[in-house]
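Per-chain residue numbering starts at 1, and chain names A, B, C and D are given in the order in which the chains are listed.
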Amino acid sequence: MSRVNPAPYDVHRLRELAGEIIVNVRELSAAGWTPATSSNFSRRLDQAHAAITVSGRDKGQLTEDDIMVVDFDGRAVGSTHQPSAEALLHTQLYRRFDEIGCVLHTHSRTQTVASRLFAGEGRVHLAGYELLKALAGNTTHEAAIDLPVLPNTQDMPALAARVESLLDAQCVWGYLIDGHGLYTWGRDMAQARRHLEAFEFLLGCELELRKLR
Amino acid sequence: MSRVNPAPYDVHRLRELAGEIIVNVRELSAAGWTPATSSNFSRRLDQAHAAITVSGRDKGQLTEDDIMVVDFDGRAVGSTHQPSAEALLHTQLYRRFDEIGCVLHTHSRTQTVASRLFAGEGRVHLAGYELLKALAGNTTHEAAIDLPVLPNTQDMPALAARVESLLDAQCVWGYLIDGHGLYTWGRDMAQARRHLEAFEFLLGCELELRKLR
Amino acid sequence: MSRVNPAPYDVHRLRELAGEIIVNVRELSAAGWTPATSSNFSRRLDQAHAAITVSGRDKGQLTEDDIMVVDFDGRAVGSTHQPSAEALLHTQLYRRFDEIGCVLHTHSRTQTVASRLFAGEGRVHLAGYELLKALAGNTTHEAAIDLPVLPNTQDMPALAARVESLLDAQCVWGYLIDGHGLYTWGRDMAQARRHLEAFEFLLGCELELRKLR
Amino acid sequence: MSRVNPAPYDVHRLRELAGEIIVNVRELSAAGWTPATSSNFSRRLDQAHAAITVSGRDKGQLTEDDIMVVDFDGRAVGSTHQPSAEALLHTQLYRRFDEIGCVLHTHSRTQTVASRLFAGEGRVHLAGYELLKALAGNTTHEAAIDLPVLPNTQDMPALAARVESLLDAQCVWGYLIDGHGLYTWGRDMAQARRHLEAFEFLLGCELELRKLR
């Protein structure tokens, strides 16, 4: 990957985005989707920087000090905080798609259970739900969606490379990592949250139906 | 269908109803029954108009600007907002039954899972529950109720025609659409919410019992 | 049953108890245990009267006007409200046991599902739980408890007679009615709520274990 | 066990810790993890004392009067309150490990159900979860953890002796007691809560997967 030089960023924009992240992540935390300080969240700051949660913080109690800036290689900019190794999974999306402004990585029980259950198949096939229309670009419930499931690893560059292959091969709105959780994204916070809620709902329905059929 | 001419409506009454919709829908949203901007809600305004939520808005954050007026063909009145195609499923009830004052369409996981599970049978048979008394007109738990399940489609006039046949054939307090959610209604908001809570509870019991038996 | 003459009651005590009922029932309602205006709740007022919720009110929005006084035959005293037919199931306990000061009847999904699942056996056998110690008089988890399940009926005097037989035969802390919900009680509100929480928890564990074994 | 003489303790530190316990336990109670006045919670006060919740109090309504001081034999210090017999399970940890500053004992449905389901095996084997990294000292999801399950008993010294054997044999972050609940701990409240949330999440995933596979 080529190195983007760190550029000065707009500090007013950073504060705005930090505030937005704090408010939204507290809501996701209250829903139980960020257990035990897991999960991370980011917003595009400009063409070379993203604002992202500092690793290991309690997501139900975020303050401005828990938000840091990284470049698109996932390296800290103007901060002594160590960004999460997973920052790379956020920034690869900002680097690749100009239209992505927000990346959400959560860790609900439904997401984790689904990731383990469908890891063997490498995907969750979602069909027959009206709520598929909540995924940007879908206008009918008749579409079927594959949500990919990637093997878990602590080797982030390897994982990022797998995600790149995925993005080369198909249009995706998110992916699961086995035993881990969900990555999803959108143009802005509202759209990314809509995608997150849609995937959480659809995965929850799939698990319930599997118990019932 | 014959066209009812748009008539001026009482703007004070509209504000009152909008306030009532906002308060109640926020509660339904907090319960998780309106995921990913889904669901819609309406109140009869008069003999020719209804107040209804604008399509695609976050139901947990409704404001007055998210409520619009439609005539009983589901067409916008005095608004540049595009009403949801599903508005027709609300207004057909107001047109047909003078005593209906409120229509609620929600999208809980229980409702969606039940709709898929029972789509083949075309109905959910509910019997043996004290809570059947919560459905208006029922005074005993000995009654048995059929909650119809209709196939999903994006063709709203076709879906509305199916609902008309349903209403011709039997007394119903609500219906499910496959992969989608529940429509229920009542004389006013309180009664419609009582019906909604009763169906959510009864469907939840049925799914649990199916897992346990 | 002999008729106890209505006696004047202490209006200050009534207001105190009404306030206590309102605060506590709102919490039970927020937990989802009183769906669709179901459930009822009472407190002993004196040796001949009880304060009880008026039938059909939304339990999440109780005010003083939703609490009425009944005698121990379940008849309204000094009120034009019609008490619930189920008032008799409350007052028979106050009449029989001087030490009972509070009766709670709720309608959670877990209670309703358990009542239907175990109706055939006529009881839920609860053993091996530390939380059995939460039932007054139990000091060890080694005790086993039978929670009776009675058939549902709209004939309250018949149901009350069945409850009398039950109370003659064994020491009970509560009972289920099939398809309906739980009755439990205690010396005061705090003890009755402890019993309610214990039964809700124990029934929830039993249902989960049945799915898992 | 040798007797540590009661020493005067820092009353300012006690008030600080009591405040911290109250705030945190109310949150755990709101999550439903302390049903029917069950569960108990403590913080190390110094090398000979701990602050611990008084037995039998409603954990959702704790005040300073519900926190008492015990020595490391679990005996009340400067208080007429009777400490829970289970205090010994807290203090044995403070006595043995200088680095433990907080012990949490909760009673969620998931914990109780898991304890009963896995009591025969004597342990819950947890593997393949990213969230294993939330347990202090783990830096990879590749580790596998055994959460021990001990038989329940009202004989606390016997139970404490079993726990000592457990701590002699292996590195553990917590244990379950059959039919009862979870004990977990950490350097401070934040770490102990992280461990608690991690175990609750992991046990919840295991139960769900067992239903689904």
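The criterion applied here is as follows: contacts are C-beta pairs under 8 Å (C-beta built on N, C-alpha and C of every residue); 3 or more make two chains touch, one makes a residue touch a chain.
Model, not experiment: these values are computed from the prediction.
Asks: Would you pick out the chains that touch chain A and also touch chain B?
Replies: Where chain A and chain B might share a partner, there is none at all.
Asks: Where chain C and chain D touch, do the two copies share over half of their residue numbers, giving same, or under half, giving different?
Replies: different
Asks: On a C-alpha centroid basis, what's the spacing between chain B and chain D, in Å?
Replies: Once rounded, the distance between the two centres reads 47 Å.
Asks: Between chain A and chain D, what is the separation of their C-alpha centroids in Å?
Replies: Roughly 33 Å separates the two chain centres.
Asks: Touching two or more other chains, which residues of chain B qualify?
Replies: In chain B, the residues touching two or more other chains are 211.
Asks: Provide the full list of chain pairs in touch.
Replies: Chains touch in the following pairs: A-B, A-D, B-C, C-D.
Asks: Can you check the complex and tell me which residues of chain B touch chain A?
Replies: Touching chain A from chain B are residues 35-38, 58, 107, 109, 112-113, 116-117, 152, 154, 177-181, 207, 210-211.
Asks: Once bound in the complex, which stretches of chain B touch chain C?
Replies: Its residues touching chain C are 128-131, 134, 140-142, 190, 194-195, 197-198, 200-201, 204-205, 208-209, 211-213.
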